[in-house]
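The two complexes that follow have chain A in common; it is paired with chain B in the first and with chain C in the second.
Let's turn to the complex of A and B:
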């Protein structure tokens, strides 16, 4: 029995295929790209190939993320908040607070016994998201993956006062012309982003264990800054990008088994592994 | 077969073309007075045989003109209202009455008045407190309003005419409460989406026509067999104004909205105006103390040196607990418009309060644009997943 979780984020599309016992058979990450939601089928083909499976061997498919409504082969859509919470709690059973910093949003979830009980999400503003780091990296002429390591070399605490992406960008240019060091500027930016996300998370009254996920969790500088701003330790999954897709796959299994036990008509219904042709 | 949706269909048509009826009435020689907030005493407008017409912003219309008059980081509803006015979307209005429901509305009203040449424009100040002296002050304000409107209408209004108008509007309030009785059964006999269409229609029609519409909708909804389906959650919605079906439909994709305490819902209809000897006394009491809007802080004890947080919460939000119980809600959504300080300030306290009696709640912010609907949908769905 196989299950799939498809997480179409603003920047990356992630798919996890797993067995009933949670053994992951394939985990694929591809850029969502400008064609955005239409390419879920391509990523799914790759994932199926890697796992040597056919689509009709998958018992249940859950789609999540911003593109969740446009996955023609999904059996059910569940929000990324529930999926992240489920994925994180499967990896860290004692988690009470999960923070996810993605491409275009930051979210924080309170988890109790593996179930999300409350959440907050940032508004549609790039401050406190991966997009903020992408824009700043390009202003500084460095790769976004390099930001973390560069910032760890910082020796001076530099305050970046703007959390607005555009104003922060202007502030960075001003600091560069003041002759400040790149590593100190980047460390200051990490601090600015982290304090914004920590402020969001504090609305939920943070309790340990705290887990940090999302692409931004790969940035070691952010992880350090988040620890400082939250005043607690952080747990990071081995692949912080995949928790949403993993949670979606686990929820797929749970919904399927529940439906079976209730004797509801078995799935799959007719699925189409093709481009989405409609948009909401 | 008897068609049991005639009233609702009528409301749907009015919602889609709100100004149609008042334009007809204007062509017959009537004067139409716009008002952007339910704190305007519409009874006085009705008593002078003028037609009150609620103005709204338009989420589907990008704000362009208002940029020359208002800051960008500012109440998006007021920005949208002024933008629509500058684009002459409600160009048929003969006048506007605005109030100090909040600072953005007060400032916008002043700009509105200077940028557009209405034949009548009036501003009513409202005290932001429930202290006894507030009543006296506000009564002076509506007395001024009455006089100004009399000179615009070219006639005087007797206390008896105001009392008659109060009775008509109280009749409307009673009918809306009756409408909300229909959401108490499981499943509800009428959906939150349908109710929003009806309420918005009421605010676009002369009060008598609104009352007729309500009567028809209520009797239809009781008899029809194609009412809403039961959803896993029964929601209480609390908001400043909720004036678009798009949002209500997002809520109702996974839930039944059983009561909406907002300007698009029951707020303007929960209480009646008392019929006092001087009708302005009843109006004063109603508009200062009876309307529950976050623009007024309802503290438990005036001038208390050390505040009792829970007592204040009870005083500020007790009515919402009563409503949640009365409508048997199992979840609450607090819908917040970006930069709306009066409502944003209530959020932490309101969440604490709902937690104290065990009804899960969430607050969702949006910026009064169509673009904010997709993130709003995600938050609504996530919330329903937590309570489902």
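Let's turn to the complex of A and C:
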């Protein structure tokens, strides 16, 4: 029995295929792409190939994330909050607070016994999201993956406005022309992003264990800055991008087994591995 | 008779005014660019050239704006809020409320009969709540900033932006252009989004007529109409809304030397 979780984020599409016992057979990340939400079928093909499976062999597919409504081969859509909470608590059973910094939003969830009990999110403003780092990296002519390592070399604390991405971008240009060092500027930006996200998280009472996920958690500089701003230790999954897709796959299994036990003929009709026709 | 200069160094534009006693003689507006000190110097030179004077003829200069410290030749540095209030009071003595839509933020202030600030609120430093949003979207639409307001007035169906962020708003505008939505509807949508932010700011202060509007945002006639609609009142807009703060600075430079009135 196989299950799939498909997480269509604003920037990346993530797919996890797993067995009933939670053994992960394939975990694939691909860009969501400028065509936006239309590439889910391509990423699914890659995932199936890696696991040597056919789509018909998948018992249940759950889609989540920003583009979850546009996955024609999904059996059910579940919000990314529920999927993240489920994915994180499967990896870290003692998690009480989960912070996810995605490409275009940031969310903080309170988790109790594996269930999400409260959340806050920012999906209205680019500051405090991955988009902030992408814009700044391109302004600085640095790859977004390099930001973390560069910032760790910083020896000086620079204050950069945390309020608006566009103005932070202008501020960065001004700091460069003032002769400030790249590593100090990037460290200042990480601090700005972290204080924004920590401010969001503090609207919920932060309790350990605290887990940080999302693509931004791959940035070691952000992890350090988040620890400082939150004043606590952070747990990071081995691949912080995959928790939503993992949670979706686990929820797929749970829905399927529940339906089976009730004897519901819930099961997949013909699924089509084709692109969404959202824009057509 | 004496001459005074007011220079307002903003994040996007720098503005200068020269007055003879209390009368405006000339003004000059340039992009601030990367070096505010150079901008201040260029403005002073141009103002002096326009009235055919030299620095020795200037009795006093006041610097204001976020880059006020770069007006190194100024006698005093005065906060932009104080200067804006003084400037609008000169142009519209009856106005008790002023809305300023500037490059990095928006402000709403209440002023008294003498042009002194009684109360004010300033927006977060947010591009979507300031004139910068207009610049960003004008760039997406590939239109000149001067054409933005008149174009937006043609709209019958302004779009609604789904977030209050200029970064996301830019992506959204690009998507709408690709979908074939007319430019005027996108421009009018920007005015609506900005007017919403300004009116929620204005609600923190009891807004009433007569109410003035200034700052670069007030060059956009569409924005003025939309804010009027949102606040349900008429706005007084000066012919040169960008130089109100610099004018106030020049008037305060005079007051420093000659006293009231």
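Following the convention adopted for this analysis, the second predicted complex is superposed on the first by the 275 of 280 C-alpha atoms of A that agree within 3 Å, B and C clash if a C-alpha of one lies under 4 Å from a C-alpha of the other, contacts with A are read in each partner's own complex, and residues count from 1 in each chain.
The rule is short, and it goes like this: a contact is a pair of C-beta atoms (placed from the backbone, for glycine too) under 8 Å apart; a residue touches a chain by one contact, two chains touch by 3 or more.
Owing to the predicted nature of the structure, the values given are computational and were not obtained by experimental measurement.
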| item | value |
| --- | --- |
| Chain C versus chain B on the shared chain A, clash or fit after superposition | clash |
| Which superposed partner A:80 touches (first chain B, second chain C, both, neither) | first |
| Which of chain B and chain C A:66 touches, first, second, both or neither | first |
| Partner chain in contact with A:121 - chain B first, chain C second, else both or neither | first |
| First (chain B), second (chain C), both or neither touched by A:166 | second |
| Which of chain B and chain C A:46 touches, first, second, both or neither | neither |
| Footprint overlap on chain A, where chain B in one structure and chain C in the other make contact | 123-124 |
| Contacting residues of chain A [partner chain C, same complex] | 104, 123-127, 131, 135, 161, 163-167, 170, 173-174, 177 |
| Chain C to chain A touching residues, read off their complex | 11, 34, 104, 124-127, 132, 136, 163-168 |
| List of chain B residues in touch with chain A within their complex | 338, 348, 360, 362, 365, 367, 371-372, 374-375, 378-379, 381-383, 385-386 |
| Chain B-touching residues of chain A, taken from the complex the two chains share | 66, 77-82, 105, 115-119, 121, 123-124, 203, 280 |
